[in-house]
Structures are given as C-alpha cells and as structure tokens.
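Letters A, B and C name the chains as they come in the text, with residue numbers starting at 1 for each one.
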Amino acid sequence: MSTGKEQVIYWLIRMVMYAIVMVIGYIIFDIVWHGLPALSWDFISQYPRKGGAEGGILPAIVGTLSLLVGTIAVSLPLGICSAIYLSEYAEQSRFTAMIRLAIITLAGVPSIVYGLFGLGFFVLLLNFGTSILAGCLTLACMILPTIIVSSEEALRAVPSGYRDASLALGATKWETIRTNVLPYSLSGIITGSILGIGRAAGETAPILLTVAAFYLPRLPNSIFDQVMALPYHLYILATQHPEADKVLPLQYATALVLLLLVLGLSLGAIFIRIHFRKKYRW
Amino acid sequence: MVETSLFPADTDHVITTRQVNFFYGAVQALFDITMDIPGRRVTAFIGPSGCGKSTFLRIFNRMNDTIAGTRLEGEVLINGEDIYQKSNNVVHLRRKVGMVFQKSNPFPKSIFDNVAYGPRIHGIKDKQQLAGIVEQSLMRSALWDEVKDRLETNALGLSGGQQQRLCIARALAVGPEILLMDEPASALDPKSTIRIEDLIGELRNDYTIVIVTHNMQQAARISDYTAFFYEGRLVEFNATKKIFTKPREKQTEDYITGRFG
Amino acid sequence: MWKDKAMRLLMVSAASTSICLVVLIFFFLARESAPFIVKPGLGALFDTQWIPVSFIKERFGLLPLITGSALVTGLSMLFTIPLSVLGAIYIAEIASPVEREFLKPFIELLASIPSVVLGFFGLMVLAPLIKHFFGLGTGLTALTGAFLLTLMAIPTVITLSEDAINSVPRAYKDASQALGASDLQTIFQVIIPAALPGIIAAIMLGTGRVIGETMAVLMVTGNSALMTWSPLAPVRTMTATIAAEMGEVSFGSIHYHSLFWIGLVLLAVTFILNIIAQRVLVRYGMMK
C-alpha cells in the first residue's frame, strides 16, 4: 500500500505526463482548427499566385513528393544492403566497428550541417546545381542511419533457426537471405523506412541550401530543376512574406497539409506494423 | 582406441574422421577424434551437455562454418572425399548431408513450400515434379495422411511433433544420403517422440543416420552403434548393445548408469 | 557461388558508404572553412561580434552565436530533463498497460511533427503569449526557442530514458520490494540509480539534437547576434545563422568560409556528445 504522501507524488508525475500530452494535442488542434477552413481542393490543386499570397500550393506538394520519392530511391537500397551486411555478414572486426561508429556519427549530424555538406558536395563540387537531385541525395544521407538501424533490427528479429535450416538444405548464404530472412523482416524494414521518410518530408534545413525555390509556380521537368517544397514554403510564408498577416490562413493551411502528410506517413507505418505482426508469428 | 573391426566385414564407412581438433576461437572444443561411421545404420552420439557431440555432428555438413572464429584441424571424409578441401562445394555437400535441428524450425510458409524449398533452390521448377517430391517426402516422414488436404496452409499451424516430421520431410526432399539429427525429439512430448523414433526405424535402411541425443534409452532403442563423448573427447565407440551392457571404459559406465551428467 | 560472392561484395560496399560519408562530411566542412585560416586568420573567430556584412569593418566572432546556442540549449535542457525523466518514469513504471499503449504512440507523434510546423506554432501562439506575459517588446526570445526545443527533445529523451529504465533487471525491483520498500522508494532509490547511465546518455543525445535544431529557433529566437545571457532577450544560434545567411552569401567570400566554420563547430560538438553518450551506453551494458 502506498501512503498518502506517495499518492500525491504519483499524481504529480501523472500530471507532468498528461501536461506533455495536452501540449502535443493542443499544437495539433491549433493547426487543424485554423488550417481546416482555408483548406480546399483548389488550395491543393492550384498554382500559387502573387508571390504565394493567393492561390494554391500544388508545386510545393509535388516538389515535396518528388523529393521523397528520390530520397527513398537512393536511401532504401543503400540502407537495406548496409543493414544486411551488419546483420548477416559482419564479423566482430575493426571494419564493422568503424561502420557502426560511422552510423552513430551520421545519426547525430545536425540537419543544417547536412545542408552545408550537400551544398558543398552535390551542388557545387559535383555540379548538380540547386536541384531535386542534390536535394534528394542530401536528404538520403540524412535518413540513411535511421533506415540502417531500423532495418538491422528487423533482420535480427528473424529467428536464426530459419537461416540454419535453409543453409542445411544447401541454400547459399544469399539464397537464404533472399528467401528466408528478407521476406519476414520486410514489414519492419518498411515501417522504419517510412518513419525515416516522414522525417525527410518535414525537414527544411537540408533542402534550404540544395533544392528549395522561393517561388516557382510550375512543376519540375527534370531532376535538375529546382522545386518548391512544403516546409520551405511554410517558412517563407510565415517569416519572409511582406504581408505575413494577410496570408495567415494560407500559412495555417500549408502547415496542416504538411502535418497531415507527415502524420499520415507515421500512421501508415504503425498500420503496416500491426498488419504484418499478425502474419508472421514466431 | 576404437577398432574398425567392430563393424561387419561388408560395411561401407560413409563418414571417416582423422584426428579432428576443433576450436571456437581460442577454446578447443574437440580433441583428436578419429572414427568411422557406417553407412545405412543409425549411429547415436551420447554424452553430457557440452561434451562436444553436437559440435562434432555439425562438422559433417560444415554448419560450424556459419559461426565466426571457428577452426578445424584434421581430416573429415565423406565417401572418401575430404569435405574441408577448398575445392569442395559446401552447397553440394549439404545436399548430400541433410540436417534436422533440435528446435523444429519450419519456415513460416505453407507446408508445400516448406518441403519444396530445397528442390526449388536446387533448380527444380516443374510443378508436377515438385508435387511428386513433396508427396514422396511427406509419405516417407509419415506425415502425408495428416496434411495431404491442407498443403497450402501455414506450417506454423502444425503441432510440435508434426512440425518436426515436416522438417524431416524437408530434409529428405533434397535427396540426401546422410541424415544428421541434433536431439530431434528433445522438445517433444513422449507420444510425438515415439513417432519420430519409429520414423527413424523406417528410414534406417535407406539412409546413414547420425543422431545426437541426451536420452540414453532413446539411443539404446534406435541406434546400431553408440559413441560416448566426454569433455570434447571420444571415450568409447561400439555396438549399442555392447555399450549399454558391457562398456569398456569406466567413464562410459558411470554415465550410462547415471552417476554423472 | 560467384553470385553469393557478388552479393556479399555489394553489401560490404553499401555498408562502407557510411564510413565514406562521414569522411566526406568532415573533409568538406574542413575544406570549405580552411581559407579562413589564411585570411583573416583564426583569431577573428574569437571576436565578440558577428557582423559579417558591413561597410566599415566586417566581424566574424563566433562567440555571440555560441553563447546564443548555449543559452537556448541550456534553458531547453532545464525544462527537458525533469519533464522527460518524470515522463519516462511514468510510462515505464506507473502507467497501466492500456495507458502505455496510448502514451507511447503519442510521444512518437510529437517526434514526427516537423520542426518548421513547431516553429510556426511558436510564432503564432507561443511568442505572443510570452510577449504579453513578460510585457516585452517582442516575443521572439531565447526562452521562446527553448520552449520549442523542449518539445523537440522530449520524445528523444523520454524514449531513450524509458529504454534505460526497462533495462534494469527485474530482480533489483523484486529485491527492493522484498525488503519492504514501497513502490516509490523502489523507483527513486533502486531503479533510477541503476538506470542513471542510460538516462544521462539519453540527455546527452537529446542535447545534441537540440543544439543542431535549426528551423524552430530560426523562426522564434529573434535572430539578433548580441552576446547576452538573458532568457528574455532575442538571440541568434549557430544553426540559425547558417540557415539565414548561406542563401545570400557570395561563394568563396570570407563570409562564406566563416559559415562553414560554424558548421564545423556544430559538427564537432554533436560528434563529441554522441560519442560520449555511446561510450556511456556501452560501458554500462545498455547498448540495445
């Protein structure tokens, strides 16, 4: 039995927890409450007019989506292969330790430093210019550690008995991985990757210097084009727009679209996790 | 010393080891093991936990290769071929030498796909041929009647004993000559254990079976020959009857009479 | 077999890219900041003023930016540490299983809100609040930034601290309770001390995240590069400086190189925090 004094402390801790929950709830509520009235099909499907003061955000949505597709295309194969190496092939060696150190380091690099690196390396040295390509590569570098770590975890969760049985039947190591390790860990890999991609969708600092266009009311033609992007567009509307107060509803609606995109990705990841957990049980 | 004369004159020695030493990193697990294992007979390895019997078994299909930092000295011949020669193909070896594990480990796939897994990776694509192999293998492992109507259901829905017999069918489907069994019944209930033992009895005429067991009654019931291991050494190897009635070594006697282990 | 070897090679090369990336990042930051050493010389970084564009005399002192980052980060950790540790205790030890199933995704939700959205919220809601509450001329202050950064750090620190608390062997708890300790005594006298290395590592990783955060602070801290320790004054952090000025700087100028120096300092600080945190985790066997 707890004493009365302990009960008080329990309630204090509980209050702290629920205060955090309420703040999160309030942020989401505030954005939805103010953003919803300004959100319409026209807003999503039209080009901006008058420097973003009127019209929609279609180019920003398309820009962000194309960045996400490109980022996934680069980081997913690289991340999964790295994770396969770490989980299936790596021995206790200096090389492995170095890879792990590198991944930990990459995970801690601030996003603006990725932006600086992307500017120096992809934009200037490799001469990709301020472009979708440079932006995707920069974002891919940023989320690579997330994808590696979550994929490795998913691969390690596959019981070793499957690997042994497959090898004992005469399968090669790669056949074993392809047929009896990867399929069972796919849901975990996808879940982790979506969470990584969600992070990329909301990041502004890395694209600020590598791809984002201030105001570009058209759709991109190639990977060497600049694009508008949702987070950058929101930043511009909120802080750089000459008539920031007038475009307030547009700001909230943009924030809402971005929030929905990111939360949608997170919820999708959670859904996939639950769905697949039922399929493979061991 | 072990004398080869303990086998009848016409016996093929399918597996032969010469002065095998085995190391996990710096730790030596097996010491100077030399023995011949006869073809188309059941040979049981017994001994207390950690005596090296499972390690020794896993040498025959090079499963120890999958553990980092292991090292083998000496010669291991199967049908006269040194399986640890560089030129020897592990995949080829494991096709000839099947293995059944202690913990039944069917893949989380359908029963059919489990049995067809081996043949498929070895390049058989023809559906009819695969179906034939699956049926034959399941019949041999005495599981066919129980599962023939639900081949497409997930193998994880089977009972523990059925899962283990499925694993045996899966190993048979590749067409091995030798079957290694690492305590195949230790996780099963008594009734399922007896079914597995019966099955081993049915397979003994067609396969060379090497079984690791900690259950001495089981060794006595199903094996023709028994090897007793202790602390990484082969203490005694003889016809099962002799081991259990007139052991030559004091350590063997102590073990089978239950004085240790 | 050749296929098997080829696949292995592919995996090794993929894994090696992480090492290459780290080397490249350090190399590029070093390369782009190096010319600054020649002109105007390293000493210029220790100036107390940051006036990169000026008709009279340009100044590239990192000190006001470093104190800006330190002030915002320090304030933020002041809030983050108690809130997160108590939150982690609540989730790991007090909450019912049903509550836990609801709280954990909720915290994850906070982690997934983009920093620019948080910054926007700060601009719209938090800054006016602070302006009126303290009767200030502007709500864009170090404190405003610190509040937002607290929101960003909380998910990291709660999740990692909770892992640390969960990794305390059950036997400790049982032993404590068998000796007649109450649940609360067990939590504060047995579990928290045992989980302390993990919690400290969590705080360090959270700090690293806060120092490197850009958009939220750029939007709400007022961006005035003055050396101050007042929470209610506008400040400018290192990250915000890069984000705000890199777009307008002319390539190859002293100003350009000085921004890479800021990046280098940021990278070094977060790298050191990260490495120490990992060391702590490995040392106390709390590595997952």
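Quick notes on this structure:
Convention: a residue touches a chain if its C-beta (ideal position, glycine included) is under 8 Å from a C-beta of that chain, and two chains touch if they have at least 3 such contacts.
The structure displayed is predicted, hence computed values, not measured ones.
When the partners of chain A are compared with those of chain C, no chain appears in both lists. Chain centres computed from CA atoms place B at the largest separation from chain C. Centre-to-centre, using mean CA coordinates, chain A is 18 Å away from chain C. In terms of their C-alpha centroids, the spacing between chain B and chain C amounts to 55 Å. Centre-to-centre, using mean CA coordinates, chain A is 49 Å away from chain B. Across the assembly, chain A contributes 172, 175 as residues in contact with two or more other chains. In chain B, 91 are the positions where the chain touches two or more neighbouring chains simultaneously.
Residue positions of chain C touching 2 or more other chains: 1. On the side of chain B, the complex with chain A involves touching residues 61, 63, 66, 68-69, 91-95, 98-99, 101, 103, 105-108, 117-118, 121-122, 156, 167, 170-171, 174. Those residues of chain A whose C-beta lies close enough to touch chain C in the complex are 2-3, 6, 9-10, 13-14, 16-17, 20-21, 23-24, 27-28, 30-31, 77-78, 81-82, 84-86, 88-90, 98-99, 102-117, 119-121, 124-125, 141, 144-145, 148, 172-175, 177, 195, 198-199, 201-205, 208-209, 231-232, 234-235, 238-239, 251-252, 255, 258-259, 262-263, 265-266, 270.
Against chain B, the residues of chain A that register as touching in their complex are 91-92, 159, 161-172, 175, 179-180, 184, 280-282. Residue ranges on chain C touching chain A, taken from their complex, read 1, 3-4, 7-8, 10-19, 21-22, 24-25, 28-29, 31-32, 82-83, 86-87, 89-91, 94-95, 103, 105-110, 112-121, 123-125, 151, 154, 182-184, 205, 208, 211-215, 218-219, 239, 242-243, 246-247, 251, 259-260, 263, 266-267, 270-271, 273-275, 278.
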